[in-house]
Amino acid sequence: MPRVNEQGRFLRRRAAGLASEIIAALLAALSVAVLFLIVGHIIVNGLGSLNADFFTKIPKPYGESGGGIAQAIMGTVIMLIVAAAIAIPFGVGTAIYIVEFGRGRFADTVRFAVELLAELPSIVVGVFVWALVVRNLTGYSGIAGSLALAVIMIPIIARSVEEILRLVPDSLREGALALGSPKWKVVIFVVIPTVLPGILTGIMLALARAAGETAPLLLTALGNSFFNYDLRKPMAAMPLQIYTYAVSPYDDWHNKAWASTLVLIAIVGILSGAVKFATRRWKHESH
Amino acid sequence: MSLIRSLADVVRDREPAAPVEGNQKNAISIRSLNAYYGSHQALEDINFDIHPGVVTAIIGPSGCGKSTMIRCINRMHEVVKGARVEGSVLVDGEDIYGADANPTRIRRKIGMVFQKPNPFPTRSVYENVIAGLRLNMPRKSKADYDEIVEKALRSVALWDEVKDKLGASGMALSGGQQQRLCIARAIAIEPEILLLDEPASALDPTATMKIEDLLFELKSRYTIVLVTHNMQQAARASEITAFFLADERHVGHMIEHGPTRQMFMSPSDPRTEDYISGRLG
Amino acid sequence: MSRIIMLRQGATKAADPSDRRFAAFVATMSAVVILLVVGFIILLAVDSWPSIRKFGGHFLTGSVWNPVETEVNKVNFGALPFIYGTIVTSIVALILATPLALGSAIFVSEYAPSWLGRPVAFIIELLVAIPSVAYGIWGLFVLVPFMRGTIEPFLQNVLGHIPVLSALVAGPPFGQDLLTGGVVLAIMILPTILSLSREIIAQVPRLQKEGMLALGATKWEVLSQAVLPYAKGGIIGAAMLGLARAIGETMAVTMVIGNSSQKITGSLFTPGYTIASAIANQFTEADTQMYFSAIVELGLVLLLVASVFNVTSRLLVSRIMARKEGANA
């Protein structure tokens, strides 16, 4: 009788629904577990090797224990500062052009170019700077590394500043224009101050990403075991140091690699997590 | 019939208006003005004069082009993408749409207050009042700024309410206070002309009354143009009224203008009479 | 889109001169960005031209990569082993990551209550912030031994007797091989596919879902019959984006894939190279002009392939977003 069939079908449908919910939950749990697994390993393996020397001394020669990655920390800081000095003006300037002044095909081309830059594999960025600057101009150097990082940072900053500028209501711009301000003053003294936190967020995001990049630095800055402040010479960086240490045959260096990874993801993770949290709340408020 | 009479009562109860003379300082002459948004024409062949010392109200149903009209006076209309203006607007005899005219300079002589209050969110009350000065004029001493802030806030009857919280954010005030703050900001740059685009439409009746009282005080110092959809407000606050209407092609025209009294008690054009009596709009 | 844009028509011809200067300034910066992209492509093409001219299509199909001229072997650059490694690891990554990402996206968007779903999504998306080299070191010291000691022997036992599949698991379990490379890539592209899938699923018009619910469908039926078919294109787009990322990934793969053998066997248990890892491993040795040119050509190939998938992904995703606006209009 139809009644029995119906009930059977209904139960089957419910069972299918339940099964799919369970599977989906399991898959999500698995994904979360993977994250905790990786971060957990890094913490466990890295904590033991963290000490004062780690942050203040440079590497010891092959096979000797002790020493640290101070030069790599310095190198990362220096290259990030130089990269930011290049990327921030271009990123913010491009975003301002697109939102406040852009018209027609040129503006569309600019947006397209920014998207293309954002999609470049980082090793290809490294190859580009390697071919252009390292081979002909400066050799392996900190400035080449900074250039490569700047190329990676520009689209991140440009996109996030563009998004933020679009959120500013036109009534703000009109109010300032009606007071007799030229457009550029409206942009710099009224619009930008209103969204300054958001812009800083975008810059932090770009810095977090650049701090963790290895491949482009491999082909440009190359790495260095000694303190080096000269941008024209090879420069160390934390991700490079991790790579060098990890693929070496020495246990002590392996330990240091774990510790460096821990410090690196602490920096990157805190920056990115804070940014994501802040922008999520702020996106929330404006909807 | 009854609506006309009550508006007429309002107008009759007011003081008689001062006689209006031509060709004075801060007079505005609009000649053959046509305004477009892209290919759509918003205003056609507008011609009239606006005099100092009185409040000129622009009334009409939605879509008749009254906001467009007022925005043409301080060259804000063209700020929207695709918008343009033909014709001329003479301020003190100078055509602000002339070949040599600089829109930024022109806007400094004209203050504008918008429909929704728009104080600058990152600036304090104090900073908002002098925002126009800070942005566009040479630095003054703190004492000068203090004086200007107090004068402007007193002019808009806000001084007593905010004098203890000048450092608070501009957004911390009520809607009515924010709008008066915007008026203070507009008059702080000492314009000659003040344009108000439905300044009370987002406010409650009490705040609205305060704004209207303000206009009464301010009209001796500025040439005031007031756009309003509220006929009672026009009747209460203005000496001259211009009536705008859009035709079937949605192009705005000025139907007639004249002393407010006359417009509301005995308009010449039947369309004006229809609008005022509530049959239109 | 901001409406406030100055014009050069009609009455605005005499725009404030300081504005013209500022506009020119930011326009110039934008032009530099465009030049950067154009210069990129041109430089890569120009510097790889010697290699392209000499080896032509053989670059992509030849399997001998011999940079050093000897009496017996001429210099030869055939990148097939690298291309093969890239394809295999990317496919493995896609197969592993997509169900995981999609399932998690469905859980977070449709099944979980929002107090659970949002934090879970946030956590999984944190994976994207972990630098490549961190995945690399974890992969090298944790995953590789695990694969070598546990997973790969297990797979050999299970699949070793099945005719076609046994070829995949042939040979001694290296641990540092293509399979492990694929697994690491899978973890890395998981958050990318997840976040884009979430956006896609959120774009499915509520009208479609409510229509099905009103007919008495269960959540799963709404999903499988209304949401997923509608979102299909976009989800494929999300997978393509993940693929594009996998193709370009360098450090993590380099550290676990072995970088030794150039023989193309059918097995997943052989070490190998990807295009990216080949570049990373060999660039310091590029002392001849031709070797240099070959490496740049590798970069060019990588760029083109990744771009194809990026563009396809964008097209698929934008179609879904546009459709939603149409449906709600």
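Brief remarks on what is shown
Order of writing sets the chain letters: A, B and C. Residues in each chain are counted from 1.
Throughout what follows, a contact is a pair of C-beta atoms (placed from the backbone, for glycine too) under 8 Å apart; a residue touches a chain by one contact, two chains touch by 3 or more.
What you see is a predicted model; the values in this text were computed from it and never measured.
Shown here, the protein chains touch in all possible pairs. Across all inter-chain contacts, the pair with the most C-beta pairs is A-C.
Central chain (C-alpha centroid nearest the global protein C-alpha centroid): A.
With each centre defined as the average position of its C-alpha atoms, the distance from subunit A to subunit C rounds to 17 Å.
Centroids built from CA atoms put subunit B at 50 Å from subunit A. Chain centres here are Cα means. That of subunit B falls 58 Å from that of subunit C.
Multi-chain contact residues of subunit B, defined as those touching 2 or more other chains: 79, 81, 104.
For subunit C, the set of residues that touch two or more other chains comprises 3-6, 16, 19. Residues of subunit A in contact with at least two other chains: 103, 174, 177, 182. Listing the residues of subunit C that touch subunit A in their complex gives 1-6, 16, 18-19, 21-23, 25-27, 29-34, 36-37, 39-40, 43-44, 47, 99-104, 106-108, 111-112, 120, 122-127, 129-138, 140-142, 187, 190, 194, 218-221, 223-224, 244, 247-251, 255, 276, 279-280, 283, 292, 295-296, 298-299, 302-303, 306-307, 310, 314.
Subunit A contributes residues 13-14, 16-17, 20-21, 23-28, 30-32, 34-35, 38-39, 41-42, 45, 89-90, 93-94, 96-103, 106, 109-110, 113-117, 119-124, 126-128, 130-132, 135, 151, 154, 158, 165-166, 168, 170, 173-174, 177, 182-184, 187, 208, 211-215, 218-219, 239, 242-243, 246-247, 254, 257-258, 261, 264-265, 268-269, 272-273, 276-277, 280 to its touches with subunit C in the complex. Of all the residues in subunit B, the ones that touch subunit A in their complex are 74, 76, 79, 81, 104-112, 114, 116, 118-122, 131-132, 135-136, 182, 185-186, 189.
Subunit A meets subunit B in the complex at residues 103, 171-172, 174-182, 185, 189-190, 193-194. By the touch criterion stated above, subunit B contacts subunit C in their complex at residues 75, 78-86, 97, 99-104.
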